[in-house]
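Shared between the two complexes below is chain A, which pairs with chain B and chain C, respectively.
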Partner chain A sequence: MALNVDIKKFRMGLEERFDLGKWIEFSRKKMVPVHRFSVFYYTGGVVLFLLILQILTGFFLLFYYKAAPETAHDSIAYMMTEVPFGWLIRSIHHWSSNLMIFFLLVHFFSVLLLKAYRKPRELTWLTGIVLLFGSLTMGYSGYILPWDDRAFFAVKVGTQMPESLPLIGEQLKVFLRGGRFVTGATLNRFFALHVGLIPWLLAGTLGLHLLLVQIQGMSIPLSIEKEALRLNKKIKGEPFFPHYFLHDISFWLLLLGVVVSLAVLEPAGIGPMANPLEPAPPGVKPDWFFLSIYQTLKIIPSKILFFSGETFGIVCIFLFVVSLVFIPFIDRASSRREASLFFTLLGAVTTLYFILMTIIGYFT
Partner chain B sequence: MSMLKKYLILCLLFLFTFSPISFHLSFSLFTFNPVFGNEKKVETIEVEIIKEKGEEEKSKIIYDPAKIEKARKITKARILGLLAFWSIVLILFILIQITLKHEKCLLEKGYYETDLNH
Partner chain C sequence: MKIRESIISRRKFLFGLILGGVGVLVSYGLIPVIKYLFFMTEAPLPKAVSMKKKALNGFPNNSARYFYYGWLPSIIIRTPQGEFRAFSAVCTHLDCIVSYRPQKRDIFCNCHDGIFDLNGKNIKGPPPKPLEPFDIVYNGEKVIIKKHEAPEKKKDNKKG
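Up next, the complex of A and B:
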């Protein structure tokens, strides 16, 4: 009884200070549409959960990781072999980062195909693009941190790529590497990006992204809206709290099980320490999420008109990425709730191309 | 006082607390100045570390692929741990599903609204 009184007092205190009732009322009134594509709404929440997992495991790794070329590799080896459950924490970090990028890409392609970027959600799309490329940078910068041979040569090849960009190429390469070659300075830069800059950028952008989703609600696909209009039916919804929230928690729980299982059954490994004087080991490839770019550059002929194939490929990829930002502003038809076949095809072709090139890149 | 005002005051308090610290940190980082104002210069004391022969090698962690592979190996204890973890996950999952089923019954009975506020 005494405990009940205390809890009541505590709640009243909170209510008095922060107007909690308003927030509870808001979450009860907030509705989430229910239709055949509703499953894609959960991908955003899944990414958020995996990001939280990344931050938590990342903190533990920071207790032992030493970012210097002489110590980075050994500190990871120490973590794997000596620190109690160090192998598990590192493996959870490794697998959750891969799954986070996977679900982020599913989220991105679903938004692109369902045209959830259309008016009034342009800013949500822009923050989403920043989150996507921020997370890819996180994944890439994390790849070099173990300072083993594969990571070293993959980063060497990766940081060589921007050199093909006209005008800024050489400067960009030097900026990324902290010099002309991949050295300890590169490791320091990537470590600073991985734990210092990108997480804050992601946290700020994620806050804005979530706020926009709360204000504007979930986007309803055009086909569902049209179907409802044709049949003169109302689109059903369910409360965010407790229904959607409980669905979300169920997904997170199962995903946690999957991440831990992957970490136990296939723990992250580490190769021999990087030696810049040795030749690259055979079969060095970038992380799976960059395989589509890697494969694209591989199939482009060495010379196209007056340009080298690599320069042509990198400029095209760069322009494509930049054009993604402007999609909501170009595709005005879907904002008027009209069909826009070109953007539907663009979305479908981009999705298929990414999947196909990743598979080919993985197996060849 | 509205919620927004309270939130703004909290943000301002946060900024006032942390901005001098971050300013100080960035200032010291970019100027690389180890001594400020009239502070005394830091004296360097030379220390001779006496180590027994072989101690340095012993304290250094040397990468051993066999040790790494051993750490990555699936053991009986790990499988049992994983099964125990999954049983907790499944129990929690079932509990959530029971709650969800109850809430869905309430939704069907009209306890919650189903119209979108769009």
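Up next, the complex of A and C:
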């Protein structure tokens, strides 16, 4: 009885100060469609949860990480071996980043294939593209910070690639490296990107992305809409609060268990300290989320038409990334709620290509 | 709904279970985080440090030099009478590093004008405690500086 009275008083206090009533009413009235593809609605929330986990563990890592080539590697080794639960904090950061990118890609491909980018959600798609590439950049800049042999060659190769781009290539390389060669200045830049610039960019963009989702609601796939129209049935929905919200929280808790289990069973490792005078370690490869690009560049012939194979490949990849931005504006059929076979096939081929090249890159 | 015989309703019981579960989860998360953040990064101080006797050669009377006792900044003073004395150089007020004033023959803290005598005792200003003293022991070609043992403790050790 005492507990009930206290909660009521607490709620009344919040209501008087923050007018919570209208927010609670909004979340109770907000409906989330339920259909055979609605499981994909959870992927966005899962990415958000993993991002929060990353930010928290990332803050804690800042207490012991020293961003200079002489100290970066040792500070991480110290954190992993001497600091109580340092191995756990770092391993949670490592696994939550990998799982976040995994679910982010699932979210991206599901939006692409289900055409959730169509009108009126073009801006949500654009902010999503920024978030996707911002997160991939976070993943890349993050695995450079330990400054081990793998990180060193990852940054060498990754910052060399933009040089192939016409006009801006050389300047982009100098900007990323802090010079023409990979040095301590490069580590400083990637640390600044990873801890400063990109998190703020992501936070702002994420805020806009979430606001748009709240304003416009969840997109319903065209096939579901057509089916409902054909059968003259209303699409089922469940209240966001408490139904969808509780499902979301359950997934998050489950995922927390998965992340911690992975952190305990497979703690994050670190290779030997980077040595600029040593050759690349045998079998060195990028992290899994870049394997499709790595494999693509491997299979391109050394010369295509007048261009070097590498230049051709990098330019094509760059153009593909840029073209993603324009998809909602080119796929007019989807905006008119009509079938758009070309974009469905394009989406399917892109998804399969990514999965296939990642698998091939991993096993070869 | 509450069955007449039960102490609490099913809703309260389940709510309590969930709250308890969340509490356990949060505390499981908090314990490693607290241990991680409150870790003492300094290694414990050594029992003694040693230096070669010739390091003290050419050490004029009424002067001082700094050295590290483990990670602790420390000061070794040669009094006007030629005796060596060693102390922690960390002021007991707010951790500033003290200096020796040959003209006043005292140990002075610039930060808040704290003054210690040549025994390390706080004699003026805000420092609340004396400077931590070290014992200096000569062992052949070596000079051993070790944590000061109070005379009573030394007696007990002898008895033991």
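As a working rule, the second predicted complex is superposed on the first by the 351 of 364 C-alpha atoms of A that agree within 3 Å, B and C clash if a C-alpha of one lies under 4 Å from a C-alpha of the other, contacts with A are read in each partner's own complex, and residues count from 1 in each chain.
Here, a residue touches a chain if its C-beta (ideal position, glycine included) is under 8 Å from a C-beta of that chain, and two chains touch if they have at least 3 such contacts.
Just so we're clear, the structure is a prediction, and the values are computed from it rather than from any experiment.
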Partner, of chain C and chain B, that touches more residues belonging to chain A: B
Contacts of A:Asp19 with chain B and chain C, given as first, second, both or neither: first
First, second, both or neither for A:Ile270, with chain B first and chain C second: first
First, second, both or neither for A:Gly237, with chain B first and chain C second: first
Contacts of A:Gly309 with chain B and chain C, given as first, second, both or neither: neither
First, second, both or neither for A:Gly184, with chain B first and chain C second: neither
Chain B versus chain C as contact partner of A:His73, first or second or both or neither: first
Partner chain(s) touched by A:Gly217 [first = chain B, second = chain C, both, neither]: first
Chain B/chain C common contact set on chain A: 253
Chain A-facing residues of chain B, complex: 3, 6, 60-65, 67-68, 70-72, 74, 78-79, 81-82, 85-86, 89, 92-93, 96-97, 99-100, 103-104, 107, 112-118
Sites on chain A touched by chain B in the complex: 17-19, 22, 29-31, 33, 73-75, 77-78, 80-82, 87, 217, 220, 234-239, 242-243, 246-247, 249-250, 253-254, 256-257, 260-261, 264-265, 267, 269-270, 272-273
Footprint of chain C on chain A - complex, ascending: 3, 60, 63, 83-86, 88-89, 253
Of chain C, residues touching chain A in the complex: 12, 25, 32-33, 35-37, 39, 41
